[in-house]
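In what follows, structures are represented as structure tokens.
Each of the two complexes below includes chain A, the first together with chain B, the second together with chain C.
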Partner chain A sequence: MSDRGAGPSTAAVPIPRPQRYDFDAIVVGAGPAGSAAALELARAGRSVALLERGPFPGSKNVYGGVVYGRVLDGLIPGWQQEMPVQRWVTRRQTMVLSGARSLTVDFRNENWGRAPHNGATTHRAEFDPWLAEHAQRAGAVLVPSTVVVALLRTADGAVHGVRTDRPDGDLTARVVLACDGVNSFLAKQAGLLGGDQASHTTLGVKETLALPRGVIDERFGVTGSGGVDVEMLGCTGKVPGGGFLYTNAESVSIGLVLGLRGLARAKVRPEHLLAELKRHPSIAPLVRGGELVEYSAHLIPEGGYRTMPPLIADGLLLAGDAAGMCLAAGIWLEGVNFALGSGMCAGRAAATALATGDTSAAGLAGYRSALRSSFVLADHERLRDAPGLVLSERMQQRYPGLLCDFAESVFAVDNPRPKPGFRALLRRAAKRNGVRMRDLAKDALTGLRTFG
Partner chain B sequence: MVDPYHDISFEERMSHVDFRVSGKPHIAVDTEVCRSCTTRACVTACPANLFVPTDDGGILFNYEQCFECGTCYQVCDESGAITWEYPAGGHGVVFRKG
Partner chain C sequence: MFVVVALRWVDERAEVDPLSGRVRTSDRSAGASAADAAALELGLRLAGSTGGRCAAVSLAPAGADELLRGALASGTDEVLRVEPAGEPDPRAADSGAGTAVALAAAVRERFGAPDLVLTGDHSPDRGTGATPALLAAEFGCAQALGLVSLDTEPAADGRLRALRRLDRGRRERLAVPLPAVCSVEAAGVRPRTAALPAVLAARSAEVPVVAARAAPDPPPLTAAHGYRPRAKELPAPAGADPLRRLRELTGAGQRSDPPRVVVTDDPAEAADELLAFLRAEGYLDG
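Right after this comes the complex of A and B.
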């Protein structure tokens, strides 16, 4: 194996303690976590390099499509006026699919179309460069087309820089921020990320389908810059996962997230499941005639709080997906806001440590307390049981059918037979889907405890 | 009858993705190890459909249209089958609508 690549089996490079440093800080990865961290460090007056393996920030990144941007209030005041937005989300839906049926909870709020807004659809090839440019304007040095292949470590294990795939590509710094996303080889090299990743990682596949603006407005019942996000359950066959459908200005993004182990076991290809979703009678009318603009895929760390690695080592901080800070809990699929929040905290903590001259794990400990008092760790801690609940067999295989059966019996009219009461209908729907009322009550309680 | 899955061919699906192909493969597959593999998890899980089983029990692999997602090395349980790294800086997939 070459010593120039970044991969699962590369190891950290031992170096003597540097006499002088090229930068105060090196940030690896110009995703939302990295750019937020670099921006904070540059603002604090620190010299910082922001390294990105793609030819431009965002070129390697894929997500569903919605940024919940309020966290930007503390980073880029007035972001609403300048962020590259496709549509502001004014309507959110959660849909469960069972066979040819579906049940949807539909919420709309026209206020979300105005500042301060709630969420926006945007493409990563537009959003990530916008953010990185803010870091650059504050003084960070963006170095694209550069792969970080290894950490530089002294004999005591402390990180003092990185090796890149450029000739003479070693760069030293007092602190390194690993914002290198879900496959974080830096976290692995530092010995922070181990275990069976595949069991709590999902594969996201997405199609971007072009449709005229007017057609989208009509089909999704929106106007102007308003948009819709739809999260779906019960659309992934035997594979634990979920689906999403988001509106852009002149395209829609439709995709699935699929548990890796389940996908490997089910012997079904991701684009086949996606094709099936697109043929569902509730989805087909929404995407009909859409022409494929891009097909894409990316992994998602879904384990949440329980699978998070240690976030700090001597000379090293982890933020964003590299630290497993993606929140995937059924009606939520968020990660950009967590990446931004953790990147900000990491950048500030690193700046403080640099100011005091102590970038050891102890000197960087302010990072964890800052995360604790922000939504980043608070939400993750509170929702630590959500991933298991949402990907559980009952939630995936039985509840969509149960809910659709229940809705069908409530809405169906077959008099002259008298209609049983709701409780009886629910009992019947549960029985038909092999769910014991006891388990239903238990899951409802867990759900309430988790989400309530 | 029209194949219900393939509303478009896989080749056309991939033709909508930009790649700056590097001369050097970033992923290598040891098909000798694959011969003894019973799960063949990579074959169905790779979203770019880059693992193709051959008649003689091996695996044909091409790195050129790789999304660099990491699925293959995560689902493969045979140690040594996949050597995985990122393509050289600036190379590989370039998403525009990600």
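Right after this comes the complex of A and C.
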């Protein structure tokens, strides 16, 4: 037990091939990916241990976001009746901020407030235990307050279990599913997570502001259990990133995601940027008087498809944030859905490999094909250029101003001068923001190719 | 030596509704307080060093089974959950008397008379710290409360050596005769981490449950209201008319120097500000 200590070890622990296994599968991390994987494995009749470092699933989470429903349809039928929902998202907005101005695309659909719901805001401290309970009911063994410090590997490199920080803490299994989050030590130990992780990782900072339910309803124009999801661009100063604002039952979650390299270069503190966002004339009226009840920060893998690690090794699968399964594509900012989807696929693939008796990388290859045939890898592959486009200098620094200039000149009435055409207004706005029409056309084409 | 550790199942992350004062707790975040965890650790060490037994008990609803399974994983020989007799009146202060009666009766019935009962020094939710003393009264044994250390091996005379914190940094050494009830602070004791095989074995362990013996009726509660401090007596304000008296009383309209908050990133500027303040207040005179 030489590797036991305050943190995970840097190297896997060599072991001889086990004669017998404690479990068929070990899932590390009881987040959405881990619990979904454990649920699928347990449903397939496999013995599965679900290891969680916190005292209970969801205890260590930073999240104020939206879980979309369709992925849950396949995991927990009837989830609408039992999931701990804060508000059903009936209104989605994409807001572009520039100086004191803003341009918002606002869509609302009251049908989203009824079954089948589109998405819901939730607190992970409630959502994660709910999901883990399903896995437990299906037969998974949840072991909380237990940190996995190393992989157990045989001489041929195959993973056959994990070492935990508990005494006698080695646990063996035919397959290990690493769902241990963005900074996955298991993926690193397996040599799957290399490269310049900092350049494609963002820092998410979030404040939860308590507001009375009636005030939220009035300010955001919703009623009952309806809620709003706002994604923002142009609110991060010189740091590449974006912002979000979600309504909960009696609080709002407001935050920023900030590129790590850009944040270090800009030498600004994230909480200052967040305070600036809250002072913006378009945001201040929405959050005024909110009592700060939580400030939190967490890393987010936003590199997308191009920076994803290999997802499979002998006896090992990666899912959720550990696999870089977070989609940051401007109007879509989704992590939990992809974690759930990848966890489901990982659980099913592991169950199939266990049934065939082959948990080598070849035996687990069904995972990648399952991901590719589902939204998880299909969306990531199709939108592989989106993170680069969204975080590009023009998109971050110039287009918000261009769009607001254009909107201002369209909506401003300066009679008796004749009204210019949209093309002239666009050209003028582009010139004012230092954007060449050629670059604008090029980015529009890239955008079309990416999103089209 | 037979040691019984009484654990209070409490949610230290409970939320209090600021409007109604209603307390919201969650089974997920509930567990033993740091002081109770220290008591459990000491109980296990004492039982281990004397070749005795250690049992953990809790007067709590079914959610506390996880707490007791955790105690089993840590090495207790037995656990017992005492099911509360009914919902306590949220308006009534918890004196600990009911808890002591129920725990003592259940322990006696299930295990017989213990040599030592250990508890945390006070529960974080009510915090009266009275239960250990009431437990000692129930068992009719010695008590040593609020200990900061307890020798895990009895002395030659069979007594336990303990240290208790007193006011002004003083300490009191105690020789505790057995049987006794001791309450300990969460100081200087690092609870053990349960071994993984024990944790896995405890997951499916059956937690025995007995119903609490009904507590003696509490005094009848006729009214309950929040604490209201007595009004502070002030001299009558001077002034010929009500407006002047009101101004005198409230200080309205009087000149005052409001406190200033100076924020600067320049160390030299900050030092100048501090020196100017100290001079203005007369601290640098002479």
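Operating definition for what follows: the second predicted complex is superposed on the first by the 444 of 452 C-alpha atoms of A that agree within 3 Å, B and C clash if a C-alpha of one lies under 4 Å from a C-alpha of the other, contacts with A are read in each partner's own complex, and residues count from 1 in each chain.
Operating definition for what follows: a residue touches a chain if its C-beta (ideal position, glycine included) is under 8 Å from a C-beta of that chain, and two chains touch if they have at least 3 such contacts.
Computed from a prediction, not measured in an experiment: that's the story for all the values here.
In the superposition on chain A, A:P77 makes contact with neither chain B nor chain C.
Legend: residue contacts after superposition of the two complexes on their common chain; A:G421 is shown touching neither chain B nor chain C.
In the superposition on chain A, A:G452 makes contact with neither chain B nor chain C. When both complexes are overlaid on chain A, the residue A:P167 reaches chain C alone and has no touch with chain B.
Judged by the touch definition given at the top, the superposed model places A:S59 against both chain B and chain C. Greater residue coverage of chain A by touch, when chain B is weighed against chain C, goes to B. Once the two complexes are laid over each other on the shared chain, residue contacts for A:V205 go to chain B alone; chain C is not touched.
Applying the stated contact rule after C-alpha superposition, one finds that A:R269 touches chain B and leaves chain C untouched. Within the superposed three-chain model, A:G357 lies out of touch with both chain B and chain C [touch as defined at top]. Of the two partner chains, chain B is the only one touched by A:H123; chain C is not.
Within chain A, the residues touching chain B in one complex and chain C in the other are 55, 58-59, 146, 164-166.
For chain C in complex with chain A, the residues that touch the partner chain are 28-29, 31, 193-197, 199-200, 203.
On the side of chain A, the complex with chain C involves touching residues 22, 49, 55-56, 58-59, 129, 141, 143, 146, 164-171.
The residues of chain B lying in touch with chain A in their complex are 4-8, 10, 12-14, 16-17, 20, 26, 39, 41, 44-45, 47-49, 67-71, 73-75, 83-90, 92-98. Residue ranges of chain A in contact with chain B, taken from their complex: 1-2, 4-10, 53-55, 58-63, 123-125, 144-147, 149, 164-166, 182-183, 197-198, 201, 203, 205-206, 208, 251, 253, 260-261, 263-264, 266-272, 275-276, 278-279, 292-299.
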